[in-house]
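Common to both upcoming complexes is chain A, partnered first by chain B, then by chain C.
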Partner chain A sequence: MIRILVRYSVLFVLTLLVLTALSFVLAYLFPGDVLVNLSGITPENEVQRDALVRQYRLDQSYLIQFWHYLQQLMNGNWGYSFTSGLPLREEVGLALPATIEISTYAMLMALFIGLPVGYYAGIRSYSLSDRTINSVSLISYSVPVFWLALVLILFFSLELGVAPLSGRISLMFDIPSVTGFILIDILLSEHIDHGLALRDALHHLLLPTLAIGTITTAAMIRITRRSVIDVLQKPYIAAARARGLSRPQIFVRHVMRNASLPILPLMAIQITTLITNAMIVETLFSWPGIGNWLIQAIYQRDYPALRIGMLAVSTLVISLTILVDMFNRMLDPGRERFERGAI
Partner chain B sequence: MIPRSQLTFPLFFITALCLLSGCTQSADDAFYQSGVIYCSESNPVYFNPQLDTSSTTTDATSHQLYDRLLDFEPDSGRIVPSLASSWMISDDGLTYTFQLRKDVSFHSTSYFTPTRNFNADDIIFSINRWRLPSHPYHPVSGGRYPYFESLGLADNIASVERINGYRVEITLRQRDSSFLANLATDFSVILSKEYADQLLKQGIPARLDQFPIGTGPFRFVGHRKDHYIRYHRHPDYWQNKHSAEQLIFDITPRSSLRLAKLITGECDATAFPAQTELNVIRNRENLMLAEKPGLNIGFWAFNTQRPPFDNPDVRRALAFAIDKNTLLEAVYFGSATRAKTLLPAASWAYQDDADDTAYNPVLARKLLDDAGIEPGFSMTIWAMPVERAYNPNATKMAELIQRYLADVGIRATIVSYDWSTFRRHLRDGLHDSVLIGWSADNGDPDNFYRPLLSCSAIPSGTNRAMWCNEDYEQLINQALQTDEIEKRRAIYRQANRLLYEKLPLVPIAHAYRYQAYREVLSGMAINPYGGVRFSGVKKAQ
Partner chain C sequence: MARFSLYDEEFHPSPWQQTWQEFRASHIALVGLFVLLMFIIFSVFAPWLVPYDPLEQNVDGLLIPPSWQLNGTVSHLFGTDALGRDLFSRIIYGCRVTLGSSFILVILAMLVGVSIGAIAGIMSGVRSSILNHLLDALMAIPTLLIAIIIVAILGTGLVNSMWAITLALIPQFIHHTRTFVRNEMKKEYVLASRLDGASNFQLFFNSILPNMIELLVVQGTLALSIAVLDVSALGFLNLGAQPPLPELGAILADGLDVAYIAPWNVALPGLTIFLMVLSINVVGDGLRSALRKRVSH
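And now, the complex of A and B:
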């Protein structure tokens, strides 16, 4: 157990180090002044410039610069955004939770819809209902998320007018950002009608969640179904049947648990896709998340923001992947590595 | 074989989602009706229009946060009292005495609580800030006052004196028949001296332009860049007390998204509907489209300080190379009229029989040959990156012009940057030619002739042609020496003639102004003299 922890920690630290190095190199690769790309501050005179050069150790060797860059990152000094002039840490702190939030809801949707439907399809395998579920999920899985989001907007927002198409909540509500998660922030804020605000926020969540969640749900259905079919073919199911257990008994005692184990690692792989999808969909729904923020940064050639944004997103994805992988490993140490990795 | 609960759960989940989405509209309408949401196109640079002529800034500030000494009546363009309840002009036309309104209170916000009402000191502070380079606030926030600089207004004011707490006297060096109009523009806002003093004492004067305090119908609550600006009603507003409780600017740069939000009701009004979208708005029953001929001009300016564009013949050749009517159809979709001079037909000094260039590529080529411009000569056309009424799609227009120029053997490349960089580079004169325009801030013709082409407008960054001509200066100064309309009109005719000969810029179009809003909004109207106004606008019950 400790060995696994150590191994994953080393892996985690090393990967982060490589990423940080990459983001540091970006400051040199982006057009413009390295100093400005690193700090986000355009020095107004030579004195200020010298002070910044000293602060970022730009007069010393690359290694020392990098070491210092690491220290600055650790201390929370991530530089400033060109366009807003705000500390990048603050900006990422506002944007990243919004992305995590919407991804979480999409994942919940996948769990609450994907799992039961997947079980159902697995048990009824190769029946008409299974084939229907199978083909619907295959279609949903293949639909480009960008297009799906547009279709949802066109249909639900513009034609039917049942769902708003942009933002997290009506701007009529003034919700101060505390955690960055809108539903929690609503509960924390004062002087507002909490019920109304929550309803408004859920209303806004509807379409983006649906757009991202559909694809993850389809993946979930397919993974669960496959897993259930595999388990059903195992000899112990035949044995249980021979012992005279009823179908619900077999399902609850043998199928559910055994089929669930392989689902987790496979879903972990979906997390990356999920976050990528979320970032794409954000721009369509004007969701104030990290994807939208990065796109703005690209439009406005905000190099410090791009550098930190890349670091923040990749750190998030890698932490999640490594965490889930480690979790699997600890839950199910018996399996061999290649089995866990298979899709 | 499946336990029933397995099936009911997803069903329950879906029903719950539908219920949530279905029931929001009906309940608590009162809350949603208490505020007005306006989809604006960009972020204001400052919350003080003295510092910026961009309409994004004036829209977000002038008529929301501030008042001016005087105002324009939207329908007639007459100058009417605002913070000044009355005024007197001396016989020589040099001394203006303003009687100020009493009981006008400044905003009380989380960052400032006023201890006194508005008085003469605030007027003196607001004017002296841009007028006197020695004023402690003059260099704050960049120290550029483009509108006043472009008109040379500061040099013409000899003194601003306090007679008593509610009476101010302004003395000019030379007569200026457009002076009152200038005091009524979006830029001549009145700031709070008490607040400014307080900030200066704290050593953070720049906050004056980011956390504004004014006397206007709304007070500032917050701004998140690229997301929103939030205002609340000023409860003690001296004038109209029936504005919406909240005013929110939802910053939405994409025009199509603004339209979509207007349709779904996430916005109650939007800025700059695109010409292609006008019919969509007209065809929707619950959307309204107000239209008025605008006081604006879209033009193609040459950088007259760069050879070969310093040669009037080259400029004339280029003007003959393009077909304005095609540009009008392709870019404005019939929502604009062809421009011959700087002035639109809505202005009293409009000259119907002014000279205009006509499409003649053969003549253009000949003129170019005469000027020694070989085929294959290359130049840049800068196309502004934002939509404005006077040019809704500068890039498209640039592409069309590019093709026209190719016909006369000139290779044009199109240049664009983000809006603030674009304007900075323009001020530095890095362009060969630029497609841009001007929306007037008051009905006076001087507001076109001076900021666009006078010498003093070069450093302030509104003279995009970088053109400075002595005869022209004399003419437009002469026009201000008299109050007689006919005399002024005759002088502007001479100026038009001169401009036609020298052609520092090619006038292209005067566009209509549009304001799209939802039917539920009452009190919404186009303000032909500058920025949008939300005072008195509210949602119908």
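And now, the complex of A and C:
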């Protein structure tokens, strides 16, 4: 157990170091002045420029520069955005939770719909209902997420008018950002009608969650179904059947747990897809998340923001992936380390 | 085909023929294959199939509805866009750009991924371990992020977005190749070749690679569907193919401005991407289950 923890912590730190190095190198690779890319401040005169150069240790060797950069990141001095002039740490702190929030709801949707449906399809494998579920999941797995979001907007927002077009919550509510998660913030805030605000926020959440969640749910169904079918073909199921166990008994005692094990690492791969989809959908719904923020940054060529945004998103995704991987390895130590299947 | 007696059977199908027979047995997979072939034919013969030049603007025919609507004309099958360009021609060319670039980048990613994966699989020890772990972790970086960084360094364009997607796809191939090679290296037939004095290089090309082709085909279809989705997503976000170039995602983004008065400009390119990805996924799915059935028989 401790060995696994140590291994994964070392891996985590190493990967983070590589990512930080990458983001440092980006300041040199991006077009424009290295100093401006690093700090986000355009020096107005030579004196200020010299001060900044000394502050960022740009007059010293690359290694010392990188070491200094690392310290600055640790201290929370991430530089300033070109376009807004605000500290990047503040902006990322606002944008990242919004993305995490919406991805979490999509993942919950996948867990609560995908898992049971996948189990059902796996147990009834190759029957009519299984084929239907399988086809529907294959179809929803193939839909381009931006198109799905557009169709949802066209249908629910413009035709039916049941869901709002964009944003997180109606402007009538003034919710101070404490945790960054809108639903929690509403409960924490005072002087507003909580019920109304929650309903409004849920209305805003509906379409983006549906757009992202559909694809993750479809992947979840396919992974679960495959895993259940694989388990059902194992000899111990035949043995259990020979002992006279009923189908529900076999399912509860043997199938459910054994089929759950391979799902976890496969879901780790889905995290990447989930975050990518969330980032694309955010731009369509003007959701104030990190994807929307990054894409605005690239349109405006805001290089300091891109450097930090890249670091933030990749750190998020990689921490999640490594965490799930580690969790999986602790749950199931007998498993081949690099085993991963197809959806 | 019923096989009651194995010995009376004159025809002994090769593994590929067996796979094809299993594949053919599934009607859905066959339909998917036909649709995919149709898309490939559209892509290859696009210049001879299109009725109009996809870039030709026509001021007299802005936003003509598709031919099945009341105001539509047969001369513009899918109608026209806000600049009077024929949507049918643009979509056919769009298939060519999207599918073609996806094919190229998948093959590129496969070549690089399989080479590195083979080296990582045959190699062992600390070097291999570090490579594996770092790759596993870096595999998790989203394509969109890589694309944004590459666009920031090199600028927008279809080729730059292709580089980004290739980079994002390579780790998958490395991963599967490495796992496969590592498992095969433990088997007897490889040991036999090794005892015959085959070098690592020969072992890989003569013994392992022929067994790996199926895995590569299946992984290739999976990667192709991801590639099509990513190419069009980047085109849609204006980070990939730039507007005059008929790329399906870019056509969709173009249609967004007139989505309310001319919904077919959004619906039809999206539907095309959807059908393309669906057909690739159906073929990949059919292929996988055919291989699974062949192995289990």
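Assume the second predicted complex is superposed on the first by the 338 of 343 C-alpha atoms of A that agree within 3 Å, B and C clash if a C-alpha of one lies under 4 Å from a C-alpha of the other, contacts with A are read in each partner's own complex, and residues count from 1 in each chain.
The definition used in the following text is that contacts are C-beta pairs under 8 Å (C-beta built on N, C-alpha and C of every residue); 3 or more make two chains touch, one makes a residue touch a chain.
Predicted model only: the values in this text are computed from it and were never measured.
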{"item": "Clash-or-fit label for the pair chain B, chain C on chain A", "value": "fit"}
{"item": "Partner chain(s) touched by A:Ala21 [first = chain B, second = chain C, both, neither]", "value": "neither"}
{"item": "Touching partner for A:Ala239 - first (chain B), second (chain C), both, neither", "value": "neither"}
{"item": "Partner chain(s) touched by A:Ser286 [first = chain B, second = chain C, both, neither]", "value": "first"}
{"item": "Touching partner for A:Leu206 - first (chain B), second (chain C), both, neither", "value": "first"}
{"item": "Contacts of A:Phe251 with chain B and chain C, given as first, second, both or neither", "value": "first"}
{"item": "Which superposed partner A:Leu158 touches (first chain B, second chain C, both, neither)", "value": "both"}
{"item": "Contacts of A:Leu5 with chain B and chain C, given as first, second, both or neither", "value": "neither"}
{"item": "Superposition-derived comparison: chain B or chain C, residues of chain A touched", "value": "C"}
{"item": "Partner chain in contact with A:Arg301 - chain B first, chain C second, else both or neither", "value": "both"}
{"item": "Partner chain in contact with A:Phe112 - chain B first, chain C second, else both or neither", "value": "first"}
{"item": "Nearest-approach distance, in Å, of chain C Cα atoms to those of chain B in the combined model", "value": "6"}
{"item": "Chain B/chain C common contact set on chain A", "value": "158, 299, 301"}
{"item": "Touching residues on chain B, where the partner in the complex is chain A", "value": "1-3, 6-7, 9-10, 13, 17, 20-24, 27-28, 31-32, 34-35, 37, 221-222, 225-228, 230, 246, 248, 250, 252, 257, 260-261, 263-266, 418"}
{"item": "Sites on chain C touched by chain A in the complex", "value": "28, 132-134, 136-145, 148-149, 151-153, 175, 178-179, 182, 218-219, 222, 225, 229, 232-233, 236-239, 249, 252, 256, 259-260, 263, 266-267, 270, 273-274, 277-278, 280-282, 285, 288"}
{"item": "Complex interface listing, chain A residues touching chain C", "value": "11, 14-15, 18, 26, 29-31, 135, 138-139, 141-147, 150-151, 154, 158, 268, 271-273, 275-276, 279-280, 283, 291, 294-295, 298-299, 301, 303, 306, 310, 313-314, 317-318, 320-322, 325, 338-340, 342-343"}
{"item": "Touching residues on chain A, where the partner in the complex is chain B", "value": "83-84, 86, 112-113, 116-117, 119-120, 123, 153, 157-158, 161-167, 170-172, 174, 193, 196, 199-200, 202-203, 206, 247-248, 251-252, 286, 288, 296, 299-301"}
